[in-house]
Amino acid sequence: MHNYQRNRVVIKLSGSVFHNDNNQDQIEVLKKYSSMLIDISNTVQPVVVTGGGQIARFYINTARKLGLDESSLDLMGIDVSRLNAKLLISSLGNHVYPNVPKSLDDISNFMESNKIIVSGGLHPGQSTNATSALIAEKIKANQFINATDVEGIYDSDPRKNQNAKLYEKIDLGSCVNMLLNSSSMAGEYDLMDIVALKVIERSKIKTRVILSSPENIKNTVEGKILGTELVI
Amino acid sequence: MHNYQRNRVVIKLSGSVFHNDNNQDQIEVLKKYSSMLIDISNTVQPVVVTGGGQIARFYINTARKLGLDESSLDLMGIDVSRLNAKLLISSLGNHVYPNVPKSLDDISNFMESNKIIVSGGLHPGQSTNATSALIAEKIKANQFINATDVEGIYDSDPRKNQNAKLYEKIDLGSCVNMLLNSSSMAGEYDLMDIVALKVIERSKIKTRVILSSPENIKNTVEGKILGTELVI
Amino acid sequence: MHNYQRNRVVIKLSGSVFHNDNNQDQIEVLKKYSSMLIDISNTVQPVVVTGGGQIARFYINTARKLGLDESSLDLMGIDVSRLNAKLLISSLGNHVYPNVPKSLDDISNFMESNKIIVSGGLHPGQSTNATSALIAEKIKANQFINATDVEGIYDSDPRKNQNAKLYEKIDLGSCVNMLLNSSSMAGEYDLMDIVALKVIERSKIKTRVILSSPENIKNTVEGKILGTELVI
Amino acid sequence: MHNYQRNRVVIKLSGSVFHNDNNQDQIEVLKKYSSMLIDISNTVQPVVVTGGGQIARFYINTARKLGLDESSLDLMGIDVSRLNAKLLISSLGNHVYPNVPKSLDDISNFMESNKIIVSGGLHPGQSTNATSALIAEKIKANQFINATDVEGIYDSDPRKNQNAKLYEKIDLGSCVNMLLNSSSMAGEYDLMDIVALKVIERSKIKTRVILSSPENIKNTVEGKILGTELVI
Amino acid sequence: MHNYQRNRVVIKLSGSVFHNDNNQDQIEVLKKYSSMLIDISNTVQPVVVTGGGQIARFYINTARKLGLDESSLDLMGIDVSRLNAKLLISSLGNHVYPNVPKSLDDISNFMESNKIIVSGGLHPGQSTNATSALIAEKIKANQFINATDVEGIYDSDPRKNQNAKLYEKIDLGSCVNMLLNSSSMAGEYDLMDIVALKVIERSKIKTRVILSSPENIKNTVEGKILGTELVI
Amino acid sequence: MHNYQRNRVVIKLSGSVFHNDNNQDQIEVLKKYSSMLIDISNTVQPVVVTGGGQIARFYINTARKLGLDESSLDLMGIDVSRLNAKLLISSLGNHVYPNVPKSLDDISNFMESNKIIVSGGLHPGQSTNATSALIAEKIKANQFINATDVEGIYDSDPRKNQNAKLYEKIDLGSCVNMLLNSSSMAGEYDLMDIVALKVIERSKIKTRVILSSPENIKNTVEGKILGTELVI
């Protein structure tokens, strides 16, 4: 019984989607993402993972100055990402599982509903990119779409170097080297991080980094070629 | 064994303490509140209850426009108030219980540590004022200090009426009538709400509404007369 | 997918339904309520909220005399209301979700089963009336039926005044005034309480207070006019 | 550090302690048990396990007639025993751990407080006698006192046979045979049950069955010889 | 709605299924059990309860020598049985509920998925046989199949006595006597234990003890006569 | 009050400590580690983090062949590491917190007991090295001792290259490069991994990799120079 299952896709949404300058616009932005998600859920089951954005940064920066340890700061970021997840849930009505998962086990459980799932971060010490990759692994997703603030992966940071060249494809090894060279260790240019890449490699998850917009995500789900593909 | 117990005091802190305009100032503000709490913890065991403030209002307003139900909106406010609680915990080092309680049972458990406790909201459908009163009841607190943005309870809203008169004392019945008259039902002028007042009445909790500042809270703990006393 | 949803109705059942004098009768009473719930679940999804009744009062009165704080007393009432919820679950077989929800999040989760849900109270400091209203709000119920021991809302307590007049309709404001006048603050005549009314108002929940019986509940679900309607 | 530990004693209290006919008397009864517990806690750390009594029987009998399965009926009994535990907690003030444990892990955690612990049942399929023995095993208690409605273990049921002879000592094997002969399998005469006896045997727990009264429990803790000793 | 329900069968699998000498074989063994479970799930909903086997014995023996109490040792056995449960889940793909239940309430919840459920032990102080019987009771299973390392119940231990005679049927009373005679109390020959038998009796659960193999389990589900039937 | 706090040290223990070939020896091994921990707990508060070892590898390899996803495999490793943690707890009597923490919040809570804490892994996607570093960060430990199967960090794997040279000190950047060169991405030579190093860097945790033995750990706690120091 019950063995048919739509393809599953994990979509990482940057925190910037949730905190624009103009509040009215933001309602519109979230409604457009919601319409797109409802639309694609006819053919795939989407799991969205939301970032923390500027409100996360406010809490993290303040608490760090007050002396909080780094893993507790991670938890603050997770808490804000879950609030962002609830914003998206608010506009998805009956199409979305009504609660935010707190663990990989919750993800598995909620998937049984066949509805859209919206998660924030899960564990301290893991970026939402790494968490997205782990979720993709856990649910054996057919694709992981990392929707970011830039067009894809460049050979240098396009926010600093206007001649930065966009890769159509990049292999994982080169990706790791780029991460390590961009700073001594903690990558500021964090479209991906090493844990995420390791998970993508070990489970051979089909992954693409794109510029976030409802249209781009829909096109990527439908197989159009956008942004940068990670070659495993 | 173990039967000695310091006096216990519940302090409601407005969300505005946590979100000022100037970030640097805010670190200072939180450090001053922390020093005061460590100082008074030599004589009483403080339980602080934090409000949500403007970030709570951002999430609530956005999600409401997107269609979220009111009790889920309450939960968003609680989530933000818990982030604020963690900010205060960040600056209290070893003097504070390191986690934020999620229920009245947690409050009881954490009290056993004899440390300062910092809580956010607890339940949807209850203001942080009502939650503070319930906590005061649960732990049999000797005093509930409601630290607000105004000097105490006025005969009208001092933000709208510059001739508003501050009460030194007010009985609970009058307080209820004021709440109900200020608007049809949900009081905009929410220094107190009806659930909080009902709890204060049923458990005869010594309560004072004051203008929030570290000095004022310390003075109130030490028995100085400030703001408005609720007469039961 | 999965977007069809029956209308949802929240039914508050008085604790007196669960503790009659004659045990044999009580089995019959519960079976009749169960048959009715199974019957109406063909057209609506019912969420039943059970009160505590006399066993709750036994525990609360005893523990209060022994010195327990009021919010812990509330929890005892909730525990008994959950035992009552299990009694009703016992007679609903495969038509009911087999566990009692402990939070609004549980309610949302359990609703996904499309089965009848039976809840007790949820939080200290909230009457089961207030909890019922919050649940109605959370699940966006089409109707809240408060099934009580009297015919509806009267202009005075019909158990004390035999000339009490039943309202067909009453607006929320009048309802609040009645509550406040009946006693200084805590209403003894508790068909509704102020938190419940506030929730009903803020979410515009269609509400009716009726005399509890399987027939009356079924008739109300089917749109017949009984008891008192709250006009928002 | 912290290595000194008082002797630990597990006391099973019959549900009948909590539900007498006369409510006033019952307050007195519970206060006397509480005074005794505070008194003995100067020399031992008591863990009390409460039974369900007549209110448990009411719920179990009603739900069984309505078709609830037996393990869910066990859970109803556990829920009522926890309400009884809260009654006892109500009268122990600051001497008792304020929450009721839900698992053996909770028991271990709460023991760290060095306060009196009051538990109800823990698991379906286990009598409160068996649970008491498991708790005694878990915390390496120095003694398990089963405080019952009779003087100890008789060669036949003293409620039915007025010539029943009280044993001063009885070995575990004889105890098992008595249990099995008294009915085909499920012992009606349930001072002990086979799971409890098996746990007592495997962990060599010093056990005594006595008539419940504050004085008898205190005397047993102090080493006086009362009731029936189980010889392992 | 939703009232059709397949027959439910509880299958206890010995821990020896999960720890063979030859690792390659074991993969095959588990795949055969999985194919059989998927096969029978066309007609019944199986709940499998896994034992702990030799890895459980390793942990229990080591920790007992180090001084751990017996109920914590039980918990170690439960933890290992849950790891075994996850092994079986690994090979059941989309046909199985993806998580291991931790309580009888979880069992009820997970049954709603209509998928195969795989559980380990649940509570300290209860064998996996007793747990299986409790689960059968909780979900009102139509049959409990105890799949063991021997052909069924013999008049003496067939591993020690080669003339041991296999019973086709045995009544519960004789079963209890055999258990008690085989050792003073704790039965080494533990095809069944007294708690399991008590639960089987009180809920009249159709029970059969068989030699474990995929074919034998399938045949038993289909009504073929194998091993020993327990006569209630 | 309560503000004095001993230095805190996090000790990662390899899974090989828990699974030797000779069972008797292993009891001795664990007892020697326990004596050492009790000994050093006079001057520091130790938090031990246990690895999974060969039993973890058995479960992971078997389940991987059966098709389980990688993050669920991580969870199996965590479950086994927690069983190992319980073995160590078994031999630490009253000096150890009796339960195994499940999260960083649990760690904080349990630290309040001032006892030794023994943890296994915490999150899928994180090695026990990374978890140890996160715990060190969370509790602001004064030192992180990684007790391994080799003398420290070599310029190549000493198990493969007998001329491998042991570093007395190594800076974090070189350590990262070594990890990445030893294999394409996932380091087989896993004395440290990139997440652990990143945490060590961001929180400037004093870290030393040593050959595991009770004496070596004690000496390292006392400030003797052994193995390899990580230079931040």
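Going by the order they are written in, the chains are A, B, C, D, E and F; count residues from 1 in each one.
To be clear about the criterion, contacts are C-beta pairs under 8 Å (C-beta built on N, C-alpha and C of every residue); 3 or more make two chains touch, one makes a residue touch a chain.
These numbers come from a predicted model, not from an experiment.
Asks: What chain is the most remote from chain C, judged by the mean position of CA atoms in each chain?
Replies: Relative to chain C, the chain with the farthest C-alpha centre is F.
Asks: Would you mind checking which chain's C-alpha centre is most distant from the centre of chain E?
Replies: The chain farthest from chain E, judged by C-alpha centres, is B.
Asks: For the chain pairs A-E and E-F, which is connected through the larger number of C-beta pairs in contact?
Replies: If we tally the contacting C-beta pairs, E-F comes out ahead.
Asks: Where the CA atoms of chain A average out and where those of chain B average out, how many Å apart are those spots?
Replies: A distance of 36 Å separates the two centres.
Asks: When the C-alpha atoms of chain B and chain E are each averaged to a single point, how far apart are the two points in Å?
Replies: 54
Asks: Give, as an integer number of Å, the spacing between the C-alpha centres of chain E and chain D.
Replies: For chain D versus chain E, the centre distance works out to 31 Å.
Asks: On chain A, where are the residues touching two or more other chains?
Replies: Residues 72, 75 of chain A each touch two or more of the other chains.
Asks: If each protein chain is taken as a node and each touching pair as an edge, is the resulting graph a line, ring, star, complete or other?
Replies: The chain contacts form none of line, ring, star or complete graph.
Asks: Spell out the residues on chain C that touch chain D in their complex, using ranges where they run on.
Replies: For chain C paired with chain D, touching residues are 23, 26-27, 30-31, 55, 58-59, 61-63, 65-68, 72, 75-76, 79-80, 82-83, 86-87, 89-91, 93.
Asks: Which residues of chain E touch chain C in their complex?
Replies: 1-3, 5, 105, 108-109, 112
Asks: Applying the document's contact rule, which stretches of chain C touch chain E when the two form their complex?
Replies: It comes out as residues 41-42, 94-95, 97-99, 113-115.
Asks: Please give the residue numbers of chain F that touch chain A in the complex, ascending.
Replies: Residues 69-72, 75, 104, 122-126, 130, 134, 137-140, 172-173, 176, 180, 184-186, 194-195, 197-199, 201-203 of chain F touch chain A in their complex.
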